[in-house]
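Each structure below appears as structure tokens.
In the two complexes that follow, chain A is the common piece, with chain B as its partner first and chain C second.
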Partner chain A sequence: MTQAIDTTIYAAVSEAIQGEAQRILSAGEVTAIVGYATARRKGSAQPIVITNADDAQKLIFTPACVNNLAVYLTKAKKEIPKQGKIGIVVKGCDLKALAGLMGESQLKREQLYLIGVPCAGVLASTIQPDTQLTADTIAPKCTECDAHLPQGCDFVPAQTPVTPELEKKYAAEIARLEALTPKERWAYWKEQFSKCIKCYACRQVCPFCFCEQCLCDRNKPQMVDTTPRPAGNTAWHIVRAMHLAGRCAGCAECERVCPMDIPLNLLNRKMAKELKELYDYEAGFQVNENGPLNSYTEKDDQSFIK
Partner chain B sequence: MHSEKQKHDFEPKIIAFVCTWCTYAGADLAGTSRMQYPANVRVLKFPCTGRIDPVFILKAFQQGADGVLVSGCHPGDCHYIAGNFHARRRFAAFRKLLEFVGVDLERLQFSWVSAAEGGKWVEVVSDLTEKVRNMGPMTEFKELALEEQWSGAINTAELKEAYNEI
Partner chain C sequence: MQKHITQQNLNTLLDTLIKEGKRVVAPRLNAGTPLYEPLTSSAEMITDQLPKRSGKEAFFPLCEDIMSYEKEGQQIKLTDIDPARFPETVLVGVRPCDAAAIPVLDAVFSWDYKDEFFLERRNKTTVVGVACTTADDACFCTAVGLSPSDTKGSDLFLTPLEGGGYHCETQSEKGEALINSHQELFSEPNGSKTVPLARPQTEKFDLEKVKKWLDEHFEDPAWDSIATRCVGCGACAFVCPACHCFDIVDEGTEKSGKRRKNWDACGFWKFTHHASGHNPRDGQPKRYRNRIMHKFKYYDDKFGQTLCTGCGRCIRLCPVGIDIAQIVEELNKK
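Right after this comes the complex of A and B.
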């Protein structure tokens, strides 16, 4: 019998979001709201942008609201925040991503109206959207979540999510891999990376991959092979993990969108764990202008340097 | 004057990414002082260790390096004030990532060699060369480059059966 997770508050949360959206849109506080709406498949949800107070009723929050909407405010959508204040519905993990983007001067807090969601968890990407949320069907990232209640938002519904202690899936998997020999680990990742088809969905969905030109797309000089073959795949995933080290907020969107089910967030979690140990840094709700890899202290560990 | 030449079965390729202000000058000092050190090392000069992107190390391994050395100014001596402090953090993180992916960290050496430390340069290069020589060639990345995406096996039982049914 798997442990069911209580999501009864989501109905009240949806209602509160609708009320607030209605209020701020009709009061003209924001020009648009990015949120979730019901999609065509039963129980599923999709991102929606509403600009009209009448559409506020479309906003929902359910266990199928998996997307990190922060991505709609970066990259190709750079002109959107310039249109005026934007409301955005954020789970705790998404808020961490937004805080990271603010720290990197991609967004300004005063451009945003944050509608926080008290979240008990969302469904894993492999699960049908109308499934009951349980310890088995919950997204792996939610098993290690420390951000069920977003902080520092402009509006958060009053409900408190019930969050049972779950088995930490990434921590367990990282511990398993760390216990292997380097050869076994190489074999594991070789197998995983060889599945990659270089669709770059992980890059497109990542709020932090906002470079105008990706290093991996450049061909003069070409640093990473662009063909979907093992050498280039391995290099791409190592470079990706390295560029996200100390920045990744742990929304696990990369892993969710991966059509080949490569455990991408495992690399990100591993780097987050190491940076926590080395420099006591963790992605959180506070806006930090200096991450662990663009700051330094004179006393940093250098036991590995001769 | 010259130490006796030794024949080895395996001569490792060592790529050294060095900063121009300290280690490059240090290596130069080793040369002008006529110190002997293994010729296995290929030196690449960079403005600063802060310029050395982790992707360079990956690229070196992919192109057939058996060992990689990254060397620059001692902390506090950086010509650009803080380049090596940033590099130190970046490489501490990169090492952890490579270790997690399964690369043997014995092949990757970091060092601080100042312009006055010709002797230390000789020592670092000799040690790394001997260490890598004992480990043998680095095959992991080279094998990746030779591999095709799919297994290439076109005579498996399943495929034959499917073919016969056509």
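Right after this comes the complex of A and C.
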């Protein structure tokens, strides 16, 4: 019997979100709110943008509210109107992405109304959304979360999430990979990358993949092979991991959406680990305009210059 | 022709076909992910999971070389691919929603231009379909006029029997030829009952009514509410058994390289991006509208078929929960 995760507070959290959404929309404090709503399949949830106070009652928070909605506020999502102040429902991990976007001058705090969610965890996958949240089905990121209660928001429902100690899934897997020889490790990633179909779902959901034209989409000149073959796949995965190093907020959306089950967040977590060791940097709630790879200090590690 | 085959004899059949040099493609696990892939042994075949990608790639691979070039001095040598070298294939364990998509694809690949890459593989492949015993709430084959026991696209159709093994029913000469080539492995039906099949819950769509609405609503506010949240990836098209768009690129160096064909998707912004910089589909709602229009109107206008078999893959795998069954259900009510 696997350990169930207590999500009983989510009903009260949903109600509180609805109340606040209703209030800020009717008071004209925001022009729109990006949140989650139920969908057709049992247990499912989907992102929704509401502009009308009457729609506030559609908003929910459940274990299927997996999306990092920050992606909708980036310049890459032109379809979402960005006039005035916008409300957004954020879990702690999503809030780190918003802080990162502010640090990169993509968003301004005063344009946002942050509705934080006290979160015990969400599902690793919503392929079957009607799944109970347990130690087995919970998203690996939630087993290592230090952001169950988002801070610095405009509104956070009063409930306190129950967050049992769980086995840290990424740490365990990274330790396993680190113990392999480089040859074995390469064999592991080669096999994983061989499944990539270049659907770019990982890129499209990432709040930090807001480049108007991705290097990997360019053809004048062609920087990277576009076909889903070993050369192009390896290039894509290296570009993705490196361009997100020091920026990735750890939401794990890239990994969740990969239709081919490629454990992309392991690469991100490994990069995060290196950045912690080298620059004492970690993604957090604080807005930091001097990202670890965007700034230079004399204390920076120089050992790689030979 | 109706026969029975035991699980053990089916395995023997597949292993024999592999030994004979045939390419046997069936659901198997690749680094934990179920996919239709060539087997090296029948032991690799899995039957309990719907592959994440569809069976179309037995004919229409994710990526294939279509030509190669070499340049020496002023001499340029072009070498075509010889489709005659494509292997004889048996595609086994294909779900009805995947098998039914094959004749749908035949229409487009043999229309004004005969795509020899697709057609040669198609001619050389025998499709062995299998009835579904489980369905989830993303499955909607029954809503688009198919079913868990639909034999469309199969040359031989298997239905699991109580107590193991399969009932086999031939659907074409290819299916008969497969049985005849290894008759000793099959037996006469012995009265064992087939197991109860899956029952997808979605109600049948009135596809004519849906099409009629689409005929008249190229411009409609519904597209915004349906797809403003679409993030513009290729997931829905790439996992779909019926989507068939591709892109052609040259890869290599100045000296030598290959011309390659690989899957494309109308969800990508680049799909309709003109060289001038103009993009007639300038936002996800317009791109997603194309997906629905192509599946439930354009393909019907041209070929009299629906470009969706209700496999539910795009529903399960869309990063933002866009649910094509819900959308068509709602259009059906308009």
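The rule is simple: the second predicted complex is superposed on the first by the 295 of 306 C-alpha atoms of A that agree within 3 Å, B and C clash if a C-alpha of one lies under 4 Å from a C-alpha of the other, contacts with A are read in each partner's own complex, and residues count from 1 in each chain.
In the analysis below, contacts are C-beta pairs under 8 Å (C-beta built on N, C-alpha and C of every residue); 3 or more make two chains touch, one makes a residue touch a chain.
Computed from a predicted model, the values in this text were never measured in an experiment.
> Following superposition onto chain A, is the placement of chain B relative to chain C best described as a clash or a fit?
By the criteria stated at the top, chain C and chain B clash after superposition.
> Should A:Q111 be classified as contacting the first partner (chain B), the second (chain C), both, or neither?
A:Q111 sits against neither chain B nor chain C.
> First (chain B), second (chain C), both or neither: which does A:N288 touch?
neither
> So, A:I305: does it touch chain B (first), chain C (second), both, or neither?
First partner only, chain B.
> For A:T134, is the partner it touches chain B (first), chain C (second), both, or none of the two (neither)?
Neither partner.
> Check whether A:A187 is in contact with chain B, with chain C, with both or with neither, and answer first, second, both or neither.
After superposing on A, A:A187 lies in contact with chain B but is clear of chain C.
> Touching A:P228 in the superposition: chain B (first), chain C (second), both, neither?
both
> Quick check for you: in the superposed arrangement, does A:A245 touch first (chain B), second (chain C), both or neither?
It touches chain B, and chain C stays clear.
> Look at A:T163 in the shared chain and tell me whether it touches chain B only, chain C only, both, or neither; answer first, second, both or neither.
After superposing on A, A:T163 lies clear of both chain B and chain C.
> So which bit of chain B gets in the way of chain C here: 8-16, 44-52, 80-88 or 152-160?
Stretch 152-160 of chain B has C-alpha atoms clashing with chain C.
> Would you please give the residues of chain A that touch chain B in one complex and also touch chain C in the other complex?
After superposing on chain A, chain A residues 194, 228-229, 231 contact both chain B and chain C.
> Where on chain C is chain A touching in the complex?
Residues 30-33, 35, 52-53, 62-63, 136-138, 224, 228-235, 238-239, 247, 249, 251, 260, 262-263, 265, 268, 270, 283-285, 315-317, 319-323, 325-326, 329.
> Write out the stretch or stretches of chain B touching chain A in their complex.
53-55, 58-59, 62, 75-76, 82, 85-86, 88-104, 109-112, 124, 140-141, 144-145, 147-149
> Write out the stretch or stretches of chain A touching chain C in their complex.
Residue list for chain A touching chain C: 39-42, 44-49, 67, 71-72, 77-80, 126-128, 130, 191-192, 194-195, 197-201, 203-205, 217, 219, 225-229, 231-232, 253, 256-257, 259-261.
> Okay, in this complex, where on chain A does chain B touch?
So the residues of chain A touching chain B come out as 177-178, 182-190, 194, 215, 223-224, 228-231, 234-235, 238-239, 241-242, 245-246, 267, 270-271, 274-275, 278-279, 292-298, 300-302, 304-306.
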